[in-house]
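Below are two complexes that have subunit A in common, paired first with subunit B and then with subunit C.
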Partner chain A sequence: MAKYLLTKKDLLIWLKKLQQEYEVLAPVKEKKVYNFGHWDGKSLPDKSYQNTLKPPKDLFFPQHEILLKYKKVKGQRPIIKAADLPEEKRVIFGIRPCDAKSLSLLDKVFLGEEYQDPFYQARRLNTLIISLVCREPKESCFCTQPFSVEGSDIVLFELNDKYLVEPISEKGKNCFPSASYCEADFHIIDKIKEIKINTYEEIASADLTEKLDLIFDSPIWKELQEKCINCGVCSFLCPTCHCFDITDNQQGSKVRNWDSCMFSGFTKQASGHNPRPSGTERLRQRVMHKFKYFPDKYGVVACVGCGRCVEKCPVNLDIRQVLLQIKNGGEKLECRM
Partner chain B sequence: MIVLEKIKEKAKELLAENKVEVVLGFTRGTLPGKCTPYFARKVDEVENFVWEEGCNHNLANYLTKLSQKAAIIVKGCDSRSIINLIKENQITREQVYIIGGTCPSTGECPDCQHQEAVIADYKISEGEGAIEDSFQDVLEFEKLSPEARKEYFYKEASKCIRCYACRNACPACYCKECFVEENLPSWVGKTTGIGDNIIFHLTRAMHVAGRCIDCGACVRACPMGVNLSLLNRKMLKDVQEMFKNVSGLSLDTELALNEYKQDDSQKFLIGGE
Partner chain C sequence: MQNLYLPYQMRIEKIVEESPEKDLKTFELSFLDSQDAVDCKYLPGQFAEVSILGIGEAPFGIASAPCETGLVRFSVKKAGLFTENLHQAEVGDIIGLRGPLGNSWPLEKLKGKDIVIIGGGFAFTTLRSMIRFIIEPKNRKDFGQVDIVYGNRNPGQMLYKEELEEWLTRKDLNLHLTIDKPAEGWQNYVGFVPQITEQVIKPSHNAVSLVCGPPIMIKYTLPVLEKLGLNPERIYTSLEMKMKCGIGMCGRCNIGSKYVCKDGPVFSVAELEKLPSEY
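Right after this comes the complex of A and B.
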């Protein structure tokens, strides 16, 4: 596909133009960490930007969302009103390819054949994804496809002071004024290869899924989870974890909140029985869902290797180590520093 | 003999002589500067232990979940949490063998008064002893207007994503069912709106008042950088002033809020003396 070379100034002009029509979200720095926020119209992420602390999923699937409101009137049928669909047109600029890919995984769940979530759908349709390829991965990163274009409408590569722009989707092609820029020649495109990537072997490969098939009852889960404190850091910071709970609030609304399979209440039944009574079953569930059930159902693992869970786990329970240990029957990952 | 060698020697001895079934400590983590909790059950596994910068998680947290007779390698804060867990009948003194050291992390907790284990069956190092807490940070904070204090707490709590890492990393938070999980009826909403977030954090702070030993596990565990240690430290200061009580220092002292005396201070009540 055609790639175009833009100067920093060209890029800013184009983004400013988009800002007339869209709300442009970009990585915004606050006290050393980045999160997506309103773009100030002038700055571009500098070298300190590796990725956002929070994944982009809450821009499409918010942590808390009202689905419908109801009102009971005595002697009449209740009045039920679905929540309004979000209409804001947005651009997400500077999202990393791993996170863009995570959106294509969430699409399988929320826009799949079985179910279509109208709220998620509206946000996805109204949002243009402009991703920015990493220059240098973090220590905790373990993606194997740093140049993945999946989930992106337009992909940007940073090359010294210039940007190589590649429109991917129809939506991306329509939003990029390609006639205004020259196509990049192959010498420049070759420079992309100089971008540093971690050399992780594919941790979540097909043989892992096969292995998981055999070890549901293995004692390895008890051993792996022993240090887990069963908090929700890994699932809430995971770009692909998407489990939720629907409850009623006292103002007469059905609300959807993020939930985590790490929590004891996640599977607790009305009788008080809990089919996943301890951390062993819960950790197993999280690993199985990502690397067995999701691939079984959709043909791809539900992990993009962004490393947020690795970096933020309070007890350094490293998913890479968990997977290697499962694959190799016990071998541990050494610290690489 | 260096501290780590003494730890390993003791751990090997305890496992070899079947005095304990598991030794809790730390091993090197997978990221630079990080250590991770480690459970050694065999003598040769003891070699994986480390005792260095990054060994900062509060290991006492695991004792309530272990059914086996365990040894635990502790620094000051872990040892104080163990005292509280024993005082509150969550574990027994006999169930745990305490290998007491001095915190290997430096400079991470500026207000730490007890880097050295306050209770131990075997001491591996002598620290510099306890330092008096001046509560300078709390005194400064108390000078602010109520609006400014509220603004600070709201700003911190608004970052919370309700992952409960703070609660789960806290050895004082051992409730089998936490109030946030009550749902018949629900006690606190599940949203990350400021109302729900502040109720969660304030209730937790009140619940650990008189039991929190300011180990900082909650702050370290938080992925979002929520820091409410001022709130915990204010509780600590109040309990110390009103009840002349500092928890987690001795097995002979009751926790302030676990007993009642006729002449207890009533100052914490609205309109109290």
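Right after this comes the complex of A and C.
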């Protein structure tokens, strides 16, 4: 696909132009961490930007969301209305390729053949994804496709003082005035290869999925969970974890909140029976869901290697080590980092 | 397109107290909007999310049959917060229904077959829907012989007592009712469901079985059915799980890579044998 070379100034002009039509969100530094926020219209992420603390999923699937609003009137039928669909047109600029890919995984869940979540769908349709390829990985990163274009409408590569722009989707092509810029020549495209990206051996490969098939009843889960405190931070910070709860609040709304398979109430039935009664079953569920059940259902693992769970786990339970341990038949191996 | 989470509004037309313990009620609901009755097309074995504003939503198997037009029936045991509230509802109250959801009893695979239906306790609901569907005059020719075993701890706990009385007199089905221990005035079988099944069911070579009941009943009935010559591909059951969305998104009702809400709730025993025993 054609790539175009833009100076930093060109890029700013183009983004400014997009800002006339779209709400442009970009990585914004709050104290020491980055999160997506309103773009100030002038600055671009500097070298200190590696990735946002929170994954972008909440921009499409908010942690708390009103689904329905209702009003009870004594003696009359209640008035129930679906919440208005979000209409704001947005650009997300500077999203990392791993996180852009996570959106294509969430699409499989929320935009299925049979059922489409209307709120998620509206946000996806109204949002343009401009991803920015990493210059170098964080210590906790373990993605295998740093140049992945999946989930991106436009991909940007940073080359010293210039940017290489590659429109991917139709939506991306329509939003990029390619006629105004020069197509990059091969010499420049070759330079991309100089970007310092170490990719790691594929941790979640097909043989892992096969192995997981055999170890459902293995003692490995009990051993692994001894460390886990079931706090759920891994699932909240995971760009692909999508579990939620639906409840009625007392203010006349039916709401959706993020939930986690790490919590005991997640599967506990009214009778008191719980199919996943202890941390062992819950940790197993989380690993199995990402690396066995999701691939069985959708043909792809539900992990993009962003490393947030590795970084933020309060007890240093490293998913890379868990997977290697499973791969190597239960032996505890030090992660290669 | 209607928003996925928007329920149909239903009026409670009738409430039947089903057991002397007063913990089991059947609710007969009608649609407030007549178009909804047309849109809400379901099959025996499917379930729906029933909702009370301000309280929440919970999934229940649909106990009525599609041929009973204009009404939807659920039988609900009082167990948790939602069912406690539903049990306090009165005729005329308006509640919500979202559905139908899930697959159904495997109607295509049941056509032309003899049907063996084994039920226990208040899990008889969607089996009742299936039986009602089969005996509907326009459907009856699609199925062979119908044998039913339905068991409860005591006579008082039998769901749909009046209807069962009528079914006992019918020539187009064989209904075997049983209770665990002898009770005064009880004219039918006494014994646990697996035992009575072994005694009365003589499945033909093409019979298919539908089983629904408490886990302990299922556990001891499946070996009996297999002994009687039904292989796991020809035995179906319906599962329950905690559910929220009912459409395969919220992530809690999975058994292995299957969602009970969307891939189920009906599974063949052969399918279940391939899944982890986490339910």
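Definition applied: the second predicted complex is superposed on the first by the 330 of 337 C-alpha atoms of A that agree within 3 Å, B and C clash if a C-alpha of one lies under 4 Å from a C-alpha of the other, contacts with A are read in each partner's own complex, and residues count from 1 in each chain.
Note that a residue touches a chain if its C-beta (ideal position, glycine included) is under 8 Å from a C-beta of that chain, and two chains touch if they have at least 3 such contacts.
On a predicted model such as this, the values are computed, not experimentally measured, just so you know.
Asks: Determine, for the superposed arrangement built on subunit A, whether subunit B and subunit C clash or fit.
Replies: Superposition result for subunit B and subunit C: fit.
Asks: Which partner does A:Leu323 reach: the first (subunit B), the second (subunit C), both, or neither?
Replies: neither
Asks: Output check: A:Ile80 vs subunit B and subunit C. Expected answer is one of first, second, both, neither. What do you get?
Replies: second
Asks: Touch check for A:Glu311: first (subunit B), second (subunit C), both, or neither?
Replies: first
Asks: Could you look at A:Val28 and tell me whether it touches subunit B, subunit C, both or neither (first, second, both, neither)?
Replies: Neither partner.
Asks: Taking the superposition as given, does A:Leu15 touch the first partner, subunit B, the second, subunit C, both, or neither?
Replies: Neither partner.
Asks: Between subunit B (first) and subunit C (second), which, if any, makes contact with A:Asn257: first, second, both or neither?
Replies: First partner only, subunit B.
Asks: Is A:Leu208 in contact with subunit B, with subunit C, with both, or with neither (first, second, both, neither)?
Replies: neither
Asks: In the combined three-chain superposition, what is the angle centred on subunit A between subunit B and subunit C, taking C-alpha centres, to the nearest 10 degrees?
Replies: With subunit A as the vertex, the angle is 90 degrees.
Asks: Mind working out whether A:Leu128 is in touch with subunit B, subunit C, both or neither, as first, second, both or neither?
Replies: neither
Asks: Should A:Thr247 be classified as contacting the first partner (subunit B), the second (subunit C), both, or neither?
Replies: both
Asks: With the superposition applied, I'd like the minimum CA-CA separation between subunit B and subunit C in Å.
Replies: Superposed model gives a least subunit B-subunit C C-alpha distance of 6 Å.
Asks: Starting from the residues of subunit A touching subunit B, keep only those that also touch subunit C in the other complex, and list them.
Replies: 245, 247.
Asks: Touching residues of subunit C toward subunit A in the complex: what are they?
Replies: Answer in residue numbers: 1, 3-7, 9, 32, 51, 53-58, 79-83, 94, 96, 240-242, 244-245, 247-257, 262, 276, 278-279.
Asks: Give the list of subunit A residues in touch with subunit C in this complex.
Replies: On the subunit A side, the touching residues are 67-68, 70, 72, 77-78, 80, 82, 109-110, 112, 114-118, 216, 242-248, 250, 252, 254, 259, 261, 266-271, 275-276, 281, 285, 288-289, 292-294, 296-297.
Asks: Help me check something: in the complex, which residues belonging to subunit B touch subunit A?
Replies: 28-32, 34-39, 57, 61-62, 161-165, 167-169, 177, 181, 183, 186, 189-193, 220-221, 223-225
Asks: Which subunit A residues qualify as touching subunit B in the complex?
Replies: 31, 33, 53-54, 63-64, 139-140, 226-227, 229-233, 235-237, 245, 247, 249, 255, 257, 260, 263-265, 310-312, 314-318, 320-321, 333-337
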